[in-house]
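For clarity, chains are labelled A, B, C and D in written order, and residue numbers in each chain start from 1.
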């Protein structure tokens, strides 16, 4: 480690995503020993002193701040990692870029397309290294799906379908806003399931299947009012509880996407399937080490969906972990993202998805929300 | 059998559906010995003499005809079973009703809503017994789903989703029209996957989850031209190869439906899932003896989707067959339909879905097709 | 049908197996129209007149008897089908053979090896056509397994494992003996799970993997006493409730077999798996249309167990039924057995498993029981 | 961290298990912040200097040694972690205990029962804290199985079955012995699959279902000779390639166990199932986040195996990780073991399985090997 270059991280936000990213930084050097760079947990920032101190101690940050502007101003920070609620992404990212810091921003890029465009603009102007944490690209089974598709095995693509189903907001007693629940507050989150869940599905879809041309959506808010944790009062719920849309991809295939937090029995069931002329692929986050694959070129009498347990050394990232048959989990996608970001510092290549890539997803999300409101098709520019 | 009342069947059409219905008639008395009625295979009709003779002999029909009008005119026929391509449904049904025959009509009811309305009109006028063969209602696992829903276990419904995926028309070499392929010819079929596959999904959905209020659809014809078997020439393909729509149900839940014949790896994969406040259900035609059920009221630490192997004597229809654990198949749904039709002769109750029930499905199909064409939402009246 | 040759069946026994066989005879001509022979339900026999009359009427038998000797003596019977409890197999079979009747005998061949040997002896002497209803060989997925193995795809075999798990006798309140429960009475059944369930596993195993050399077994009777339905008194239970054994096959592979009626959650879960050098296969009766297949020759990054939905026309027997994706059930194995028996009349070939084949299974069963009793290895001669 | 007590670890062995343990130490404080103790990676030891240096750097060890006796002699080591091949366990453990060090020993406890007995003897004499890394007990789904069983939900137990199937030694080209392959060398490993794989199954079984009374086993070495990496010569293979045994548990239930490295298609498929009077449980290492559970007390019409995705905060260990639906992996079982060991320092309770617990497993393994050799039942004392 001694002779590795350091990447000094300043993390802003100590929530769930703060934990996943911190774990990514902590583990990467154990498992990717050949990287030139190693992350150093230089500082973490959160508004509440007691909370940020505890977090810093638990995760091994060298120091902590309560004002993100102070953190950005520090000379000993190379990269700013933004894990705040969505409403802070743009402001922090712009400040960080202006300060010449690299930026690793939690998804979605922004609340609105307008915010996202400003973020991309400043990135272009300052040229700072950047990436957005659409972590599911780096689940080995999903990366393998990308390899299979890129190899041409699927042929012409006809269909893409993806669902992200959860069930955690069914109770009307659940409040909105504030600690742990900002995702239910439109002011903080921008949107509901569209930015939180569908954004993941869209990012993967574009990566695997190319651009989306137009969308037709339906959104719903099942529970119209909830107590807001900030005010303590019952307030209108402005987020989308569920969102369904279909679309055309530029390659002529049809897409259908669904997301909800009201699908009883599904905790975090992100699934996608892609059907090509010659082969098909499907994946399910609940069983994330498996990729299902159907190859029409197999002998017809022994043809069937293959359940690939993606844990072998010749499958993506898996030479870094254990031995065949031994599973990894959700958190490893973040370790892989850190590794790929560090590698991009060596190579000078971008670490996808960049802000610019993520802006495309943002455009689709915005079109989806607008289509839902206007009950009409929206074209993506 | 001697003292059972006879229901003398006249079957029109000797294709795939002619076989499934004939098998239903042949087997029902072996497995439902308590019915007052028994079907008698009085006559079968098809235009080609050699074909209809062979069919009659294979299935045990007492006689055969080559002109359906002759069959309908016969005094020794109590019920007419329509298994022709869709373009003949209306004409035959109207003639049969006018002749006072009971009618068992293969789904979909008709090519168009207009045809369907005329069929319902004549039924109302003549009062003949009737039913439409939406057979999937009578797969025991699907019937059990209905019982569970009717028992109130699901609570408020939020989501309904259904897919019917096939892959048999991917090759551009496949012709359209004529023997075995009339489903690819819009003139004969009315529509493509919408009438053929989605109609099944819609029938089940309405049965399980109530009326559909409005729809927004997307249709696609992937292979634009195919040789027509009748003309021998390359002709424009007018059917929908794929159709996706989302909708609102009257109970406030959201629906999403997809159907295609271009989903590589799926032979006849009809699946549906319904998510309620307290419980969820899902089913898959490829594993038709299983119903999956999630009950949120289970103890949280041992809560999970249950895979119910619907083969016990206290589950729908299963007291008629074998012993627990022993599967039945696709064809049994038709046997059950025959049994229920015979039972309806005893009770005087309608045998659902009736023509009137099926017309509702037809309305949704028509709205779906129109929505796809116009790229706009359509309301169901 | 008119010009088909008739095979006039005399069925002895109206229980569960009487129903499965009758259904086989009733359906075969509808689905296998090219056979030269067709079965005719000439007579059925059972001791209780009211029961046999009802059965005859329900299944379409032309006549009935209450004394099996009378049935065998009839000139208008070509083949005797033995569906009685096991303790009658030998006596009836010997009488039938002596009367020159073909014999279709329900499995297991006999209660004891000694009985079985006498049955084979008389068959050899009289030369009558014969078969034993080990029906699972003719589930299409199992037949496909045989084809795959015979094609050499597996290479050297290392392992064979099979389970037959049920849970229907867990309650100590369940009586033994008599109507519906003779399988729990050693005098009628010969043994418990060994003859009832393991016999199926052994038949399949020998068919797929060759002879068994020696066995080491453990048997258990969990509920030591039950009321006997005949006497109305609590009596010692003499059958094996559970039996586990391991063995060597002649080809050098190792086998492990388990059977029980005390495996809560399993209704009739017969599973087997065979592991070869190059490929493996597994099957599960609860999902009988599927065969799972692993081929090590697949590209390593997309290698996985294939779930083959055995419903295509190029898979065994499936050209006779519906269309790809549409399942058949348990009962179809009996239809296939009837078809193959009728075909064997055309070709003059034996219809396996013959009495001689079934005697080999009987030898293994006897060795298993003896090994369990003596707590020592037993060699199969 | 500052005010936590330190547990200074000296790790001996840098192989696969050295990695899993090191990762356990590195991560525990991030995820179990409430523990009083934290592990410190004080030193690592391996014979090859270049290798141990690299390992120390990669995993963050403060220092390294090439002689384990030196490591044990160091004052700054509180606990010795033994990750060497099995043939070194006894010698190192005895020396470490005599030096007053705590011991965390990789499984199996020893090559032979005799070695194991000496290890337990010294533990009793010196009273040092100790544990053996049977890590699968601490997969959350397995720990949940233990909770369910202890709650009494299963009632009387009838059956226990477990398999550990691998396929990595099928090629005859694979050498035995030496770097990475000591598990194939009887001198280093003691036994083959029995100590490597079955020992895991036996440990879990005893934990879940109590003591084993007697065993009857069959062992096989499929490839009789392999090149030895040390000598470079073809030598006889003395390990068991496969081992199958059945047994009686003290509670009257029957067990059947199978293990092999020749089951094509299985990388590391450890499965177990336990059938009780009222409920059953099963688990599969390839899908380690799931526990399957069948409860006979469920309403009969909706009864089925439940697939429990063990990722909720009220399930074992899962409050420490992410949010419901997000999987963890194989390695987490080691983190949990470290956490429980640290906790045991606080409470003074043993951290199971202790050397004494592991000796019971060793007794069963020895009886299994002897039974296989002698082809006779062996009683466990």
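The rule we apply is simple: a contact is a pair of C-beta atoms (placed from the backbone, for glycine too) under 8 Å apart; a residue touches a chain by one contact, two chains touch by 3 or more.
Every value quoted in this text rests on a predicted model; they were computed, and no experiment measured them.
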Per Cα centroids, the chain farthest from chain A: C
Separation of mean Cα positions, chain C and chain B [Å, integer]: 36
Between chain C and chain D, centroid-to-centroid distance (C-alpha), Å: 42
Distance from chain C to chain A - Cα centre to Cα centre, in angstrom: 55
Junction residues of chain C - those touching two or more other chains: 266, 290, 305, 309, 312
Pairwise touch network: line, ring, star, complete, or other: complete
Chain B contact footprint on chain C (complex, rising order): 1-2, 16, 19-20, 22-23, 26-27, 29-30, 33, 54, 57-60, 166, 168, 266-269, 285-290, 309, 311-312, 321-332
Touching residues on chain D, where the partner in the complex is chain B: 144, 147-148, 290-293, 295, 298, 300-309, 312, 314-315
Chain D-facing residues of chain C, complex: 158-159, 161, 163, 165, 167, 170, 216, 218, 220, 222, 242, 244-246, 248, 252, 254, 256, 258, 260, 262-266, 275-280, 294, 296, 305, 375-377
